[in-house]
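Here chain A shows up in two complexes: once beside chain B, once beside chain C.
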Partner chain A sequence: MKVRVSIDVMLKDGILDPQGKTVEQSLPSLGYDGVEGVRIGKHIEMVVEGDSIESVRAEVEEMTQRFLSNPVIEDAVVTIEGDLGE
Partner chain B sequence: MKVGVVQFPGSLDDRDAAWAFDRLGADTELLWHDATDIGDVDAVVLPGGFSYGDYLRCGGIARFARIMEAVAEHAHAGGLVLGICNGFQILTEAGLVSGALVRNESASYVCAPVHLRVENNEIPHLRRATAGQVLRMPIKHGEGRYVADATTIKSMEERGQIVLRYCDADGTNGGNPNGSTDGIAGVCNEAGNVMGLMPHPEHAVDPAVGIRSSDGAILLGSIVDALAGAAR
Partner chain C sequence: MKVRVSIDVMLKDGILDPQGKTVEQSLPSLGYDGVEGVRIGKHIEMVVEGDSIESVRAEVEEMTQRFLSNPVIEDAVVTIEGDLGE
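== the complex of A and B ==
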């Protein structure tokens, strides 16, 4: 089976995100007041072949911890988006 | 007495690093990222640049280059390793030194001379320096803000693993160009044989060019001394 998977990678809460801060600071000049907590991360999508949703999830979790994210600075969430069938 | 400099796709300062070591009296060899071993080199340098276009994370792809297994083996066996700029980022990604390097606090790329205070001159890479000595070298990076959790920083401090800090010209705290935690510019592993730093010693060996400093030779020359000492 082929499974569509997405991974969202964000800097950990305690780590300053200068990109997010810059965007946040520019919003009031565009007329958007009262916005806070802007953080910018990465969204990764992929299609993974596997025997089951569980095995695909396990494999993507592993690659996320080893490679797609750096656990020292980032948190990552793996989402199974759907089964594409054969 | 040979220093190997690894060339990754996107490395920029590999030849400059080799040139600097050559000038300081070491034999040098350029090592290809896809090689399975490091040959007969006694020390390994991971140079600056933008390996793999800085895609995903700086150093995050290079750390899986084939040669990195041999580099890790060399490091675990006590061999000298120096990571400069992107090379430092690769060392953190590979877990050969603690912490990580993230986007500068200013969100800007910074290219400037900086002052560095030697916090630990007992590791092989800094023996030519005196404790507290102020060195002048250039930096050029967008992602050089050193971060690690508070427990890690505390334990590194206690073990003398924070070896260089950004400072003002007189050596007092300040001059932090990128928002690094505690002004950290360079660190080493627990054993003291693997060191990484964001500034570029290889671009400060000839006072006739660049920022007119030869302080980088203090660092690179220390490595040459260590290899010469080991060869005797």
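== the complex of A and C ==
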């Protein structure tokens, strides 16, 4: 089966996010008030072939921890978006 | 009210994603087979103050189209994650 998976990789809470801070500080002068806590990370999408949803999730969690994020400073959330059924 | 919002910004289908392609081509040599269609974009989180969920969504959709994405080459999905109730 082929499974569509997404991974959100964000800097951990408490770690300075200069990109997010820059956007947050720019928005008022662009006419958008009342925006706070802007954080910018990565959104990764992929299609993974495996025997089951569980095995796909385990494989993606492992590759995320090993290669797609830096677990020292980043948190990653793996989401199973759906089974393509092939 | 304060509303938690997330925005996923991805290159449109058909536009070459060199970062995703590089990850996809690296995974087999790292021991992960059966992964295809890797696309890498941005995941943005923020807290927005507004009168209603609808007004917050409209404001975020507008700032996304104007400043947080390039609508010529990128698609953006705005998701209301929840009402912080403040």
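Basically, the second predicted complex is superposed on the first by the 86 of 86 C-alpha atoms of A that agree within 3 Å, B and C clash if a C-alpha of one lies under 4 Å from a C-alpha of the other, contacts with A are read in each partner's own complex, and residues count from 1 in each chain.
Here is the rule we use: a contact is a pair of C-beta atoms (placed from the backbone, for glycine too) under 8 Å apart; a residue touches a chain by one contact, two chains touch by 3 or more.
As the structure is a prediction and not an experimental result, all values here were calculated from the model.
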item	value
First, second, both or neither for A:70, with chain B first and chain C second	first
Chain B versus chain C as contact partner of A:80, first or second or both or neither	neither
Which superposed partner A:16 touches (first chain B, second chain C, both, neither)	first
Contacts of A:38 with chain B and chain C, given as first, second, both or neither	second
Superposed model, chain A: greater residue contact from chain B or chain C	C
Touched partner set for A:59, first chain B, second chain C, both or neither	second
Contacts on chain A seen with chain B and repeated with chain C across the two complexes	67-68
Interface residues, chain C side, partner chain A - complex	8-10, 20, 23-24, 26-27, 30, 32-50, 59, 63, 66-68
Residue ranges of chain B in contact with chain A within the complex	56-57, 60, 64, 92-93, 99-100, 102-107, 145, 147-148, 179
Contacting residues of chain A [partner chain B, same complex]	11, 15-19, 21-22, 67-68, 70, 72-73
